[in-house]
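Below are structures written as structure tokens.
Below, chain A partners chain B and then partners chain C, in two separate complexes.
Let's turn to the complex of A and B:
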């Protein structure tokens, strides 16, 4: 008993001394501007998140702010933002959101803090350095609601070995050439398909946008649904034919992850999806074709080339945050030029023009891809989906027509029906 | 053609084993695939030719605990599951005993409502309450929410169980001078242990697997396994092999506990099934 008491008091003395010495140490340092402040961040998983999380200690050393970061799936992020914001809770300070999917809804509900004031106070942040199309996606009614984090473009990935075997030397430049190339490359006996693109209804809508506009169509404009115009019908037919004839078996169940796996296994000669996914197919750990991957830009339709070039994610600040200044400090740091170059170097396609000019930062990207990215950026469209508040439902409606096209059904009546449903969705928001 | 008795018998048993193996295969194959996949790297996992022939490595398991820091969520899930199950037992066992003995079926149906209402509808009010009480980010909201999942489950499993225990047993104890509470503690609970075990295990599994409450109410420190899984799904790629290793780790404890307690669980599950 006595022994225990002695060791306990010894322990207490040590504790006291430790506290004392750390207090002394703290006095020696200059106090950091946000000492002791903690902010919460939720966002998507990816190279950006990984690089930023790895650098958080640096941020803390600089500002004193501790960032608690949590990574979730797309829909789970939206769910958490919705619940936290509906509850006016201060436990979420900074979050990533999908501007094309959610800006309208979030702004309407008041879930995003306008950032104009903060940006004006931080000239070195150089807001105009962000690409215009990316800035526009997170701006509403002249106010800035988010800082774009990553861009992505619709590009074609191709398997160089299969192209050489099929004797294709020039890359397809038009939709007709793309169809011809897919036919030539298609080899179902060997389990190789000519082309793999998303075929799962609503998932496919974003990839379909490049085809729709290439044929001169549009999802909607001035409050009118436009998915049964002759141009749109031609696009639905083309997309459907391409995947029915030369696509992989089971394409109707495929999203980006499935086509990615097919391509990485050498079972798809071409694949169309977002360029931000390039890492998977050139990594020997995940891909059999890591040394055979090439890229070219989306071929032109009758109305020209129309791949998307969008900002997929933006960083927003919650209006209910108790530490808005600290939250902005975090945004300013991780989206600032220095960190942006670092996230780009890790493979995150940046939204800052200056970063793309920074050769050091672009080293993580294959040089062939960079030239395709530059080509695509020049002609790219700033959206890849219908623009309205209820994006989710409209994607389901449009997805049904895509599926009908792939199944080889008569597209026109399906498109007419979908157009009416889409119009109802648009009218509800008037 | 006619078979003699012996041939017919052996055909019958052969057919039995064929069917048995077919069913077993369907049941076990997903697990088998999960375990195989967790030992592969991504290239081999996606390659159908290498379904069974591949060079196994434990790198994914190292990643799960190293790179993806799964230990903390694992301990969190364990803590939350155990605490909420014990809490639910504490309230649920006496409740179901009184419902069973006093025939309070109205209360029983009211409790069932908790399970009928979609869990999402509790979430927003809870979230507001917990943030107003400054409990957000602590374990308390998770204990309480998982407690609510477990409570009706335990009550509804235990009601028929308690009903099946002959009243004479209690009456004998009363005659010998045991109090009502004493009877419950000393007579009823010990003989209901298979049922309690089953109910407890099921409650624990429900808490272990629960996603939606954990998603909304947890923070980085208190996050549970189902939410930690999202670290494997990134915006531009999915780490399937890591995901499978994590799935093995999540499934293993439940599987082990279930196998060890199998004997009791079967008695527990069937106890209330046939009542005279």
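Let's turn to the complex of A and C:
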């Protein structure tokens, strides 16, 4: 007991001294505008996040704001935003959200702070420098609800070594050529699949969009569900055949992370997903094929080439934040021109026009990928999923048909049923 | 006044517990029940809308929900039977003294104390069709490799295997405790009367153990019905809907589609199911209980 008392008083003395000395130190400096303010940020784990987290000390030195950053999976981010916002909780200040999936829903639910006022106060932020299609995705009813963080395009990654072994010299330009190449490259005995694309129903919807439109289909238009048109059925069949015949085993459980792992291990000859993920496959630390990666743009279907070119993530501010000014300060800093060039240099495809003109900032991108990006941007579509409020449930419904295609079932009846369910969802929002 | 407090002291001492139970169990239950009659998309702007029993009606006519119910029962039945047989078998085996018995007992307990999500992630790797160890073993044994969690036919049974691996030890542990507490006399007299080891096992050990086994089964039953973590961390209900149990479906209604009313209705139904089954079990237990 005595011993405990001695050590406790010792502890108190240390505490006093520490407080005294930090008070002295503080006197010597000028006070920063947001000294002592802490804000919370949640976002996805990507190159953007990594670069920003690595630079947070700089931000603190400049403003005094301490940013607590958390990286979560896509669904977990939405869940966290939903729970914190519904509870009117101030524990969330800035977050990343998926504008194409969530802007309508979040605005309807009042989970996003309009940013117009803050933007007007920050002319050097140059909001109009962001690409128009990217800006539009985070705007609703004439108000700005988010700052677009990154663009993404649907491209094909391929393994140069496996292509050379199979004797494929010209890259597939049409869907038929893609199927033929996948067949040639497929080597299940060696554990290598011809092509890996997402097969997990709702996850696959965005990648499927490039196929659907390449075959002349569309998810919905003018309030009508269109996923059982002959064009859509042809696309479901093609996507299903491609993955059933030449895809990896277990493809029905695969999202982007799983196909990425297969490709990086040299177990997939081709992989279709967003170009923003290129960093993982060319990093010697995470990839066995880092020096063998090539890129080509999504082949054309009967109706032409239709890969997506979208702004996948935006940065938003919570209306329940206790420190909105500091939160905006963080957005202004990490989405400002200087940091944007830095995140692009680390491999994050920017949404600012000025950054793409900055040669220094584009150095991190393989030149081969840049030409594929330019090709894709020219023909790209601005959305990669159905447009409605309840995107989540519509993706599940469409995912059913994708799964049926991969299983080799008769797609038509499944598509008819899904189309009716999708129509019900659309009608509810009228 | 003081005397009154003194007379009713027992209430005062239990009050904190009662308040805690009401706040932590009663309130969420009542709130869920209320929500189940509303249409609410978690919006802070659009208010909740009273729709009566509509959520229940749409669920009970929804094929997806009904399939989820049958899947929940299939998963529970399969897991429970195997766990029961294996658990009691291992307990009987371990009840005989042998060298290293405690070491074996400890090893068996390890899966039970591991974190379910970590277990889910590790089994995802084990089941990985191309590089996982499960297929490595199958091919070494000269068998055809399986896609395990990746096929609609094998995903649910594969999950049952994980549950068995993790929870058989619990049945074993409870049964083992029961065996230790058994009286010695019936065994002695059976031996004197010349009963064979099989007769002793079936007619005496198992019969005397019945109350213990019932308890183990009841506890496990409620837990298997509720299984969420290993499914969510491996397949999240897929491929397609192949492993979508009632819990997973409710979760998706709530946090993927943000339909809190429907999610609540589905959970209320689930709660009613669990309560009914547990009730039936307890009645059965009372009926078959033997005195000794």
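Keep in mind that, in the parts below, the second predicted complex is superposed on the first by the 399 of 430 C-alpha atoms of A that agree within 3 Å, B and C clash if a C-alpha of one lies under 4 Å from a C-alpha of the other, contacts with A are read in each partner's own complex, and residues count from 1 in each chain.
We take it that a residue touches a chain if its C-beta (ideal position, glycine included) is under 8 Å from a C-beta of that chain, and two chains touch if they have at least 3 such contacts.
In this text the structure is predicted, and so the values were computed from the model without any measurement.
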With both complexes superposed on chain A, which partner does A:86 reach: first (chain B), second (chain C), both or neither? both
Considering only the touch criterion stated at the top, classify A:416 as touching first (chain B), second (chain C), both, or neither. neither
Which partner does A:249 reach: the first (chain B), the second (chain C), both, or neither? second
Which partner does A:66 contact after superposing on A: first (chain B), second (chain C), both, neither? neither
Applying the touch criterion given at the start, work out whether A:325 contacts chain B, chain C, both or neither, answering first, second, both or neither. neither
In the overlay, answer first, second, both or neither for which of chain B and chain C A:403 touches. second
Figure out whether A:285 sits in contact with chain B (first) or chain C (second), or with both, or with neither. first
Pick one for A:105: touches chain B only (first), chain C only (second), both, or neither. second
Per the contact definition in the header, classify A:265: touching chain B only (first), chain C only (second), both, or neither. both
Can you pull the chain A residues that chain B and chain C both touch? 79, 86, 88, 265
Residue numbers on chain A that touch chain C, as the complex places them: 75, 78-79, 82, 85-86, 88, 105, 108-111, 191, 199-201, 248-253, 262, 265, 267, 390, 392-393, 396, 399-400, 403, 407
Interface residues, chain C side, partner chain A - complex: 41-46, 128-131, 145, 147-152, 235, 238-240, 252, 255-259
Using the touch rule from the top, collect the residues of chain B that touch chain A in their complex. 41-43, 46-47, 123-124, 127-128, 131, 136-137, 215-216, 219-221, 223, 227, 230-238
Taking the touch rule as given, give the residues of chain A at its contact with chain B in the complex, in rising order. 40, 44-47, 49, 68-74, 76, 79-80, 83-84, 86-91, 257, 260-261, 264-265, 274, 276-277, 279-280, 284-288, 312-313
